[in-house]
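Naming follows writing order (A, B, C and D), and every chain is counted from residue 1.
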Amino acid sequence: MNTSLINYTLHLADTALVMGHRNSEWCGHGPVLEQDIAISNIALDFIGQARNFYQYAASLSGNGATEDTLAYLRDVQDFKNLLITEIPNGDWAQTTLRQFLVSSYQYYLYQQLQYSTDEQLAAIAAKSLKEVTYHVRWSSEWVIRLGDGTEESHQRLLKAVDEIWNFTGEMFVPAAYEQELNTNKTGVDVLAIQPLWLHKVQEVFAEATISIPAKSFIQQGGKTGIHTEYLGYILAEMQFLQRAYPGAEW
Amino acid sequence: MEKDMEQMFQERIDKEIRIEPKDWMPEKYRQTLIRQISQHAHSEIIGMLPEGNWITRAPNLRRKAILLAKVQDEAGHGLYLYSAAETLGISRDEMYEQLHSGKAKYSSIFNYPTLSWADMGAIGWLVDGAAIMNQVPLCRTSYGPYARAMVRVCKEESFHQRQGFEILLTLSRGTEAQRRMAQDAINRWWWPSIMMFGPKDDESPNTIQSMKWKIKRFTNDELRQKFVDICAEQIKILNLTIPDPDLKWNETTGHYDFGPINWDEFWQVIAGNGPCNKQRLDARKKAWEDGAWVREAASAHARKRAERLAQKRA
Amino acid sequence: MNTSLINYTLHLADTALVMGHRNSEWCGHGPVLEQDIAISNIALDFIGQARNFYQYAASLSGNGATEDTLAYLRDVQDFKNLLITEIPNGDWAQTTLRQFLVSSYQYYLYQQLQYSTDEQLAAIAAKSLKEVTYHVRWSSEWVIRLGDGTEESHQRLLKAVDEIWNFTGEMFVPAAYEQELNTNKTGVDVLAIQPLWLHKVQEVFAEATISIPAKSFIQQGGKTGIHTEYLGYILAEMQFLQRAYPGAEW
Amino acid sequence: MEKDMEQMFQERIDKEIRIEPKDWMPEKYRQTLIRQISQHAHSEIIGMLPEGNWITRAPNLRRKAILLAKVQDEAGHGLYLYSAAETLGISRDEMYEQLHSGKAKYSSIFNYPTLSWADMGAIGWLVDGAAIMNQVPLCRTSYGPYARAMVRVCKEESFHQRQGFEILLTLSRGTEAQRRMAQDAINRWWWPSIMMFGPKDDESPNTIQSMKWKIKRFTNDELRQKFVDICAEQIKILNLTIPDPDLKWNETTGHYDFGPINWDEFWQVIAGNGPCNKQRLDARKKAWEDGAWVREAASAHARKRAERLAQKRA
C-alpha cells in the first residue's frame, strides 16, 4: 500500500470537498440570481472532483473504504485540505478572491498532474481541467470587477486580501508525501508552479488595481492535519447523519 | 374598439393561438399573468431555502451532489420565470421589491421547516409532485413565454420528483430509524402539499376568468383529486402511511376520498403566520441587501469598461 | 414505565439544555466583562438543571439510559424543548429579552412544580427556584435598561420583541403529556400560570416603556418534536464527539 | 529628593513590605506593573477564546459544565487583574484600547488553535501548569493589589490544572482514537508551553530590574526548568510521550535536559504571525464593538434613573 499516494490523493480530495462545502453555503444566498447559480455550479464541480479523488483513494486503501467513509468518517486530524479552503466565506469579495487564488493554483497543478505517471490521477486532473479553467475565468473577472468597481468594493477586496493572503503560501510548501511523489513524477512539484501562479495573480491584481501584500507569512498545517478551528465545525455539520445513523444506507 | 380587441383576443385564445409579448392583451390578463408568473418565480427562489438547508448535511456525496444540483435547478427556474414575467413589462427588481415588501406571495409550502433528511424526499415526492400537477397544464397556457418556460421547468421537476421518491424509498427500506424519519416527514408534508392546489373551487373566485383565458386549465379541486389518487397508490410502494384516516378508495367515484383540510392553517400561513414565513423572507432580504454593494460594483465596472472602450475608439 | 412522566421530564431537561447551549455561545463574547460572566453563569445554571432532569429521566427510562445518552444520542424529532430556546441569540437585546420571557415562565412553573406529587420533580424545582429568581431579576433589569436606555437600544428591544414574541405562546399550550400529568398533580397547569406570567411581563415592559404586541400568533411544535430548522445545527455541533467516538468515556 | 524616595522605596521592597496604591513609587515601577498586569489580564480574556471554542462541543454534560465554569473563572481572573491595574492609574477602557490596537500584548500561547477535545486537557495540564509556575511566586510580588489578585488566581488555576490532567488521563486510558487525540494535543501544545516562560535569561533584559523590585522572583530559565522537570515525571502517568527526543534525566544537574527551542517561532507569533493572532484579536474587537450600544444604553439608563431620583428628592 502506497501511503504517500493515498495521502496525496486524500489531500486533493479534501481540498476539493471543503472548498465545495464552503461554496455550497452560498446556495440560495448569492448577491445576484445568476451568480447564485454560478457559485453553486462551482461547488458542484468541486464535489465532483472530490468524489473522483476519494473513489481512487478508497480503491488504494482497500479495507472497505468508500468515497463516503473517507469523507464522512474521518475527523479533523486526518483531513489534509489546504487551510485556505476552510476559512469562512466572508463577503462576496472574500469568496471570489479565495476562488481565484485556489482555482489558479489548481489550474497549474492539474496542468502538470495530467501528465502524472499515475494514470488515475492523470485522468482526474485532465477531466477537471476544463472546469477549473472556467473557475479561473469566472473568479478573476469578479476580482477585477470588485477591485476596479466602486470605492466600497475596492476596499472590501483589499480587506479580503488582508484576510486570505497568508493562507496562500501553504499551497507551495510541499508536504512529505508531495515530495515523495515528486521524485517518481506521480505528483506535482508545487515549487515549480509557484512562479506561474504568482504571475497570473499579479496580472489579475493589476487589472483589479490592487497589489500583492509586501509582507506576508505562511499559515500552514492543513496538509498534515493541523487545521484552523473552523474545520471542526464544518465536519460536525457535514458528517452528522453518517455519524448519528452508523451503517445506514441513504 | 377596446371591446372588439377583447373579443378578438378571446377568439385567439379559444383557437389555442399563443399570445406573444407584442400582441395586444387586456390589462387584466397582463396583470393576472404578472401576478401568477412572478409568484411562481418567487416560489422557486424561496423554495431554494428549505432544501438548501440540507446541502451541507446531505448524508453522502452522491446525495449532496444531487441535492445541490436540484436547488440550483430551482434558481434556474426562477430565472426563466422572471424573464417570462419581464416580457409583460415588469422588471426583476420590481418583482423582488414586491416579494420583499410582502406584496407578492409565494407558495406557502416553503414556510414549513425541513427538519430531517427525509424532508428532502418528501419535498421531492409531494411538493414537486403537486407542483408538476399544477404546472404540466401550464405548458399549454395561452401566454407563449410562460408556456415555453414551463416546458423547461416541468421536464426538470419530474426528474426531481423521481429523485425525491427514491430518497423515501431508500429510507423506507432502511433501518427502523430511517423508516420513522420517512414517515415523520410524510406526516408533516402531506397536508401542506394538499393545500398547494389552493382553496376549494367554490372559494377560488379567479378560477373562472383564468380558465377562460386558458391561464389555468383545470380547477384546484380537479388537480387536488388527481394528486391524491396518485399518491394513495404510490404510498403502497413505500409501505408507509398517508396521515389521513379518511383516505379510502371510492368505487362509485373511481377516486380516493380524503378527509377535511385544515383551511384555517392554510389561511394563517398565507397571512404570514407559518412556522418559517419570517425566516424565509428575512433570508431573501438579507441576501438582497448584502448583495447591493456587489451589484453596484458590477455596474460601476461595466460603466468604466464601456467608457474606456469609447475613449479608445474616439 | 410512565411515558408521560418521562416525556415531561425530558421536556424540562431539553428546554434547560438548549437554553444553556445558546447562552453558552456568549461566553467570551459578551458586551461587558461582568455580563459575560453573568450570562455564562446562567448558562451553567441551565446545564445544571438539565442534568438533574436528565438523570431523573434516565432513572425512569432504565435500559442503560444516562444523562449523556439522553442529551447526546437523541435526534431532533425526539427533543421536546420549547422552540423559543433554539432560535439564535441575535443581539444582546434579543438574548436578554428571551432570558426574561423564559425565566419568568420558569419561575411560575417551578413555583408550582415544587409542590408536585412527584418528589424528584418537586426537589429539582425547589432547588432551581433560587437560580431562576436571580435569572428573572438579572434579565428584567436588562430589558428595562435597554427599553429605557438610548433610542438605539429601545429600537433593538422592539425588534427583539418582534422576533421572539410569537414563540412565547407555546409555553402555555399544554402537550398531551402535560395534560396527563396535570390530572394527578405531578405536572403544572400551564394555563393557570399564564396570567401570572403575563402580569409580570406587562410590569417589566411598562418600566421598559414598551408594549406587548397587539397581534400575535403561536409558534409551536417543540414540545412534541417539531422544531425550527435551528435545532439540527445545535445538535450536530453539541453531539459531535459522542457520535464520532461511540462508546468512549470522556 | 527623587533619589531619596527611590532609595526608601527599594528599602521597603527589600524588607518585603508591600507597596500599596497610595504609596510613592518610581514611574518605571508603575509602568512595568501596568504593562505586566494588563498583559496578564488580557491573556485571561483572550485565553477564554480557545477553550470557549469547545464549550458547545464538550463530550458530556459534566465536562461541559466544568469547562464552562473554567472559562468563566478566566473572565473572573481578568476582572481581578484589570482592577489591580486600575489602582495604578489606568482605566479598563484604556487597557482594552491598548489590546485592540495591538499595543498591549497577551500570552502568545493563545494564538494556537484548539483542534480537538484533548486540547482542553493539554491546555489545562501544560498551559495552566506553566501559568501557575509563573504565577505562584507572584503571590508574593511587591505590589499589594497584584499579589492579592494572584492569590485568588492561583488557587483556581491549580484546580484547572488538575482538571486538565484528568481529561488527558481519561483519554490516555480510553480508546485508541482517544489516546491518539491526547498524544496529538501534547505534541502541539508542548513547545508553545515551554515558550510561555519567555526568552532565555540572557535575552530577557528586564529581568534584573524586575527581580530587584520583586515583581519577578525567579528567572525565565529557572521556572522553565522546574516546569520541564515536573512534566517529564507526570507524562509517565499518562503513558504518553513528550515530543522532545532530547528530553533526558541528567544525573549531574539533577534536572531534565531538553532540546533546543524554536525561538524563531516564538518571535513570529509575538510579531503577530501565529496561527490565530488575527482571529483572536478580531473576536475581541468584534465583541467590544458589538457591545458599544449596550454599554451606552446602560449608561444612559443609569443617568436617567439618577436624574429621576434627584427630581423626586427635590
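One rule holds for everything that comes next: contacts are C-beta pairs under 8 Å (C-beta built on N, C-alpha and C of every residue); 3 or more make two chains touch, one makes a residue touch a chain.
These numbers were taken from a predicted model, which means no experiment stands behind them.
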item: Neighbouring chains common to chain A and chain D, by label; value: C
item: Of B-C and C-D, whichever chain pair has more C-beta contact pairs; value: C-D
item: Length of the line joining the C-alpha centres of chain C and chain D, rounded to whole Å; value: 35
item: Computed distance of Cα centres, chain D from chain B, in Å; value: 58
item: Chain A and chain C, separation of their C-alpha mean positions in angstrom; value: 41
item: Contacts with two or more other chains, residues of chain B listed in rising order; value: 57, 177
item: Multi-chain contact residues (two or more partners), chain A; value: 75, 232, 236-237, 240
item: Residues on chain C engaged by chain A in the complex (per definition of touch); value: 75, 232-233, 235-237, 239-240, 243-244, 246
item: Chain B residues within the chain A interface of the complex; value: 45, 48-49, 52, 55-65, 68-69, 71-72, 75-76, 78-79, 82, 92, 117, 167, 170-171, 174-175, 177-178, 283, 286-287, 290-298, 300-301, 304
item: Chain A to chain B touching residues, read off their complex; value: 17, 21, 24-25, 27-37, 40-41, 43-44, 47-48, 50-51, 54, 67-68, 71-72, 91-92, 144-146, 148-150, 152-153, 156, 234, 237-238, 240-242, 245, 247-250
item: Contact set on chain C toward chain B in their complex; value: 75-77, 163, 166, 217, 219, 221, 226-229, 231-232, 236
item: Chain A-facing residues of chain D, complex; value: 50, 53, 57, 113-116, 177, 180-181, 184, 188, 268, 273, 275-276, 278-279
